[in-house]
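In the part that follows, the structures are each spelled out as structure tokens.
Both complexes below contain chain A, partnered by chain B and then by chain C.
== the complex of A and B ==
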């Protein structure tokens, strides 16, 4: 493990940017898609933002850099209205984003034949876009990228011919989960209570999550009211537990919830812990294969029953 | 504003011994919305129900809570009473203050407080109850019977005799099942074929029975009253309409040495064959695996000799869809194959008994074929190895059955009786022979059964040895049987000419696959499960599907026939009305909130959830949502628990009702 910060090679990103531009222009010109969801440069130097283009001439705006942090899958779920409803949609996806799209296909939210997938060989993105022009290093890389097993998305319609190189990094979530698991239940509860107490119920985590596609969230219901909506401890805890449980066996690990949280609640840590449980109990991991039934919606007599005591 | 009536039952002393019912009535009478509360010694009695009806009318009550026993006991009783008084029955709820309170507590004060709280919860719940209309489902008055053994034949004839159409599906080329294989039947020793074949002919000639032989169930869709069944009719290679059953093809077929399954593989048949002369339909089938034409493309003798030109080598499997309202499952049994350990099965084999290795160690069904007048030996008891008449014969009972260590713990029920029968048949045919039976104990309940068993010992000279056999081995042309006689406490060694093993009765191979297609449950042995062991023994938990015969558990012929007629009676009960009434405790989708993830559809065990398209006036698709078919829904609530946006609710058990109950505490 490197002790000091070391740069990570992102030199392939410029070639990828060129390939994305050419491909997006081609599919829009040929009418294969009605829109392409991708990234474009934003106002600040080095920054990037999501963009939806419908004209071939706009393809030149598309980029891919280490600041392209967003999971664009969220623009394809039903709650989002910006994307045209008819025709095939092109979308730029990193491995983690593709896992989310795969999950959405399994949950009848998207159809593969309605998508044109432009996969991105990804060496990693920034953990924070506060300083978007920062170079990608072992320090600035997003924690999720330290555990990534999907640098090269598969099953896409188009992937630029580049091979990402990432050094072996310390797995940040695994380390933290191990630390929490070593605590007593009371200590662990105290840790999470402290974290949840910071929540201001802005629901940014919900808005950014591709899997929070419900038109009416059960936490917004008032007849009957399931969850206290004010940012008080009981309601906060209820919200975060509902969120974690609803994502168990579904979360693709894009960590957008954690990135957008203004109060720095380690939301993806909770997601990773749930994912670990699912792996251990049901041998399930989010991947590139569309599942008809998720691990919590299926039953076999081989399922672990040790939790029944 | 609701005007709730609360009726508290003493249940004799069952409740009032521990709960101060008068105080409960007084306390709950003060709750908002409750306008009448009273107690009575037996609420379920006629005067109790009249009290309830009278109060509804006089007090103009809108909702009812009956605090008494478990709703499983009397919910129906009180809902009927409420309906008779002019209210919707689903505006009546029961508070269980007997099983949940008085029976499990001793402290009167605390039990009274708890009972008040239980009733208070139900008062809050009943306020949120909705009027639920009874669901009616149309009934297709045709039925499917799966399996053409005696159970399926009996059920099909009974239903058809009532004037309803029956589709009878049999996997083998002929109906008849195992009963057609038997020689004589206990306890009267009448010839099995003589009593069986007239019934088979009745099936063939019945105008209301449509028979599909050499066919299997491919797919079952739908629900009670409205099933769609896809039947795969395997290619017979013989046109059933043209064939006259003359049998010339069979006499000319050059492949004559194929073991006949019907004769337990000791008799031979041709490649184009009927399994036995009395087969129904009497139309041969070509066994394509053994036919020269299918193997080499040459021969075709049967086609050449067939006068009406019925042989059709090009015939294909056909899929036929039939609409039926009820299904009787009568797939029967198979005998435990003892010589090998079935792959992947927890059941262990009995290699030590030499079945499959020593040719003269046979199972009970093979003995039936040897004893049968239409069998391969013409009814003579002859050894398979050299065709000699065995002079010493040993029967061993409980092979596989009642042996937990071997994987089967149940009793196969018929073996004691058929072994007794075998000793008699043997004695009648081999006058100078001696039969020995090794047995654990003789289980012979049933009309004239024990007398029959006694007869085999007292009049037919069978020697019964209480004890198990430890080993068998071939010695020259004899089989040495080593066992113990625990009644005397000595080791026994018999040099037998033939050994017959009474092997366990098991469900048909692949029984679990059919159960999965039908959506019915089965036990660890793959026997199909009835809805209630005592009170609903012929119904499955899945509505509209009934069981008959040994597919449910080992049974003899009289029991099988009784159950088949019972299943037919259940089908006729269903068919007696044009519309079927169902409880409206079913799930309902709130379409505005549903995002169509179909998690509900994936977890529904009854296949009740469908996809429904919502379109605007121009016909543009707005979204696809879940739809629960009320005719299929069993009201289990799994969808409700699974829905991430809480957009599906079970009527009568809505989140609103449950939360109101919790908040009342």
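== the complex of A and C ==
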């Protein structure tokens, strides 16, 4: 691990921005897509926000910078109404966002032929957009980017010809999971109790998650009420356990939940732990191929049952 | 002759989620065969282990269970062909999650008990009861349910005092 913060080369992002603009303009002019979901500059210097453009003249608004943190896949789920549902949609995706789209295709939420994927060769994005104009360094990079294995998205319709420089970084989640696993159960309980007690039940994690597309969430039902809805410790703990369980085998680690959490609960830590267990138990990794059935709705007769009497 | 049952300081509450086709019938067999097993267990009947949502287990712990038993048909014997195979994967993963959160997995037992295995049902229930009795009450989830929300960040003495004054 480098002792001091090292800058990460993001010089390719300007060339990528130009390529995205040209491509978006072309596909909109040619009528290949009805809309393009991408990033545009936001009001604060250096910041970026999602944008949905339907006119070729708006393509010049599109950008890609280290502040383009959002996973745009969430705009294509049925929970979101901003995107026109007719015709083909163009979408700007980083490698991590593409994994979410792959998962959504596997769950019959999206069809590949309805999408025009503009892949972004990504060297990493900022962990926090509180100061969007800061440069990308080994300190400011998002924790998910330290474990990224999809710097170059695969299977897209268009990818700008750039190769990101990706230094070897300390894997933040793996390190933290190993640290927690080494603790005693009581210590782990104390850790999560403290974390979950911060939760204010704003459900931003649910809102931003591409996989939380249920029209009625189990946690909103009150007959029977399975999970206490008030932001108190019991309900908070249950909510986070249910959330992690429902994402097990599906979450590919875009870490949007963790980014949007106003109380800084390490939500993606739970997701990564579940991903690790599914890899060990069933050799499954989410987001690499479109699967009809995920690991928790399929089975083999040889699954481990050493824990069952 | 006076019946002398052993007395204990602590009697755990055990919730058993069982499938109606195998384990429930197995427990029934244990009963009709006049087998003795601890009365600590409260049996909840489900159509299939595949119907048993992990959230039920959470709910049981929150509502005061000291131990939870989930039991159904042996693999291959499911009335609905594959319900227990799905349950097997789901609970394998759920155990790992609970372990990571810091729940002692000794309180959570899974088993396959067929309709013919009254003896195995007795054995599984007795084992779990003895184990949980030795461990004492499950306090973690109950404490959560009792606690008011005091987030670490806003838990100042002034706020605590104001709250106590209410």
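FYI, the second predicted complex is superposed on the first by the 308 of 309 C-alpha atoms of A that agree within 3 Å, B and C clash if a C-alpha of one lies under 4 Å from a C-alpha of the other, contacts with A are read in each partner's own complex, and residues count from 1 in each chain.
Rule of thumb we're sticking to: contacts are C-beta pairs under 8 Å (C-beta built on N, C-alpha and C of every residue); 3 or more make two chains touch, one makes a residue touch a chain.
Note that the structure is a prediction, hence the values are computed from the model and not measured.
Engineer: Please work out whether A:237 is in contact with chain B alone, chain C alone, both, or neither, and reply first, second, both or neither.
Structural biologist: In the superposition, A:237 contacts chain C only.
Engineer: First (chain B), second (chain C), both or neither: which does A:15 touch?
Structural biologist: Touch status of A:15: no partner.
Engineer: Who does A:197 touch here: chain B (first), chain C (second), both, or neither?
Structural biologist: second
Engineer: First (chain B), second (chain C), both or neither: which does A:107 touch?
Structural biologist: In the superposition, A:107 touches chain B alone.
Engineer: In the superposed arrangement, does A:83 touch chain B (first), chain C (second), both or neither?
Structural biologist: neither
Engineer: Is A:260 in contact with chain B, with chain C, with both, or with neither (first, second, both, neither)?
Structural biologist: The answer is neither, since A:260 touches no partner chain.
Engineer: Taking the superposition as given, does A:223 touch the first partner, chain B, the second, chain C, both, or neither?
Structural biologist: So A:223 only meets chain B here.
Engineer: Contact-wise, after the overlay, does A:274 reach chain B, chain C, both or neither (first, second, both, neither)?
Structural biologist: second
Engineer: Please tell me which partner, chain B or chain C, touches more residues of chain A.
Structural biologist: It is C that touches the greater number of chain A residues.
Engineer: After superposition on the shared chain, which partner residues are touched by A:297: those of chain B (first), chain C (second), both, or neither?
Structural biologist: both
Engineer: Going by the contact definition given at the top, which residues of chain A touch chain B in one complex and chain C in the other?
Structural biologist: 218, 226, 297
Engineer: Which residues of chain B touch chain A in the complex?
Structural biologist: 592-593, 595-599, 602-603, 623-624, 642, 644-647, 655-656, 659-660
Engineer: Which positions of chain C touch chain A when the two form their complex?
Structural biologist: That would be residues 53-56, 58-59, 62, 75-76, 82, 85-86, 88-105, 109-112, 124, 127, 140-141, 144-145, 147-153 of chain C.
Engineer: Over in the complex, which chain A residues touch chain B? Could you list them?
Structural biologist: My answer: residues 78, 107-109, 213-218, 221, 223-224, 226, 246, 292-294, 297-298.
Engineer: Which positions of chain A touch chain C when the two form their complex?
Structural biologist: Within the complex, chain A contacts chain C at residues 180-181, 185-194, 197-198, 200, 218, 226-227, 230-234, 237-238, 241-242, 244-245, 248-249, 263, 270, 273-274, 277-278, 281-282, 295-297, 299-301, 303-305, 307-309.
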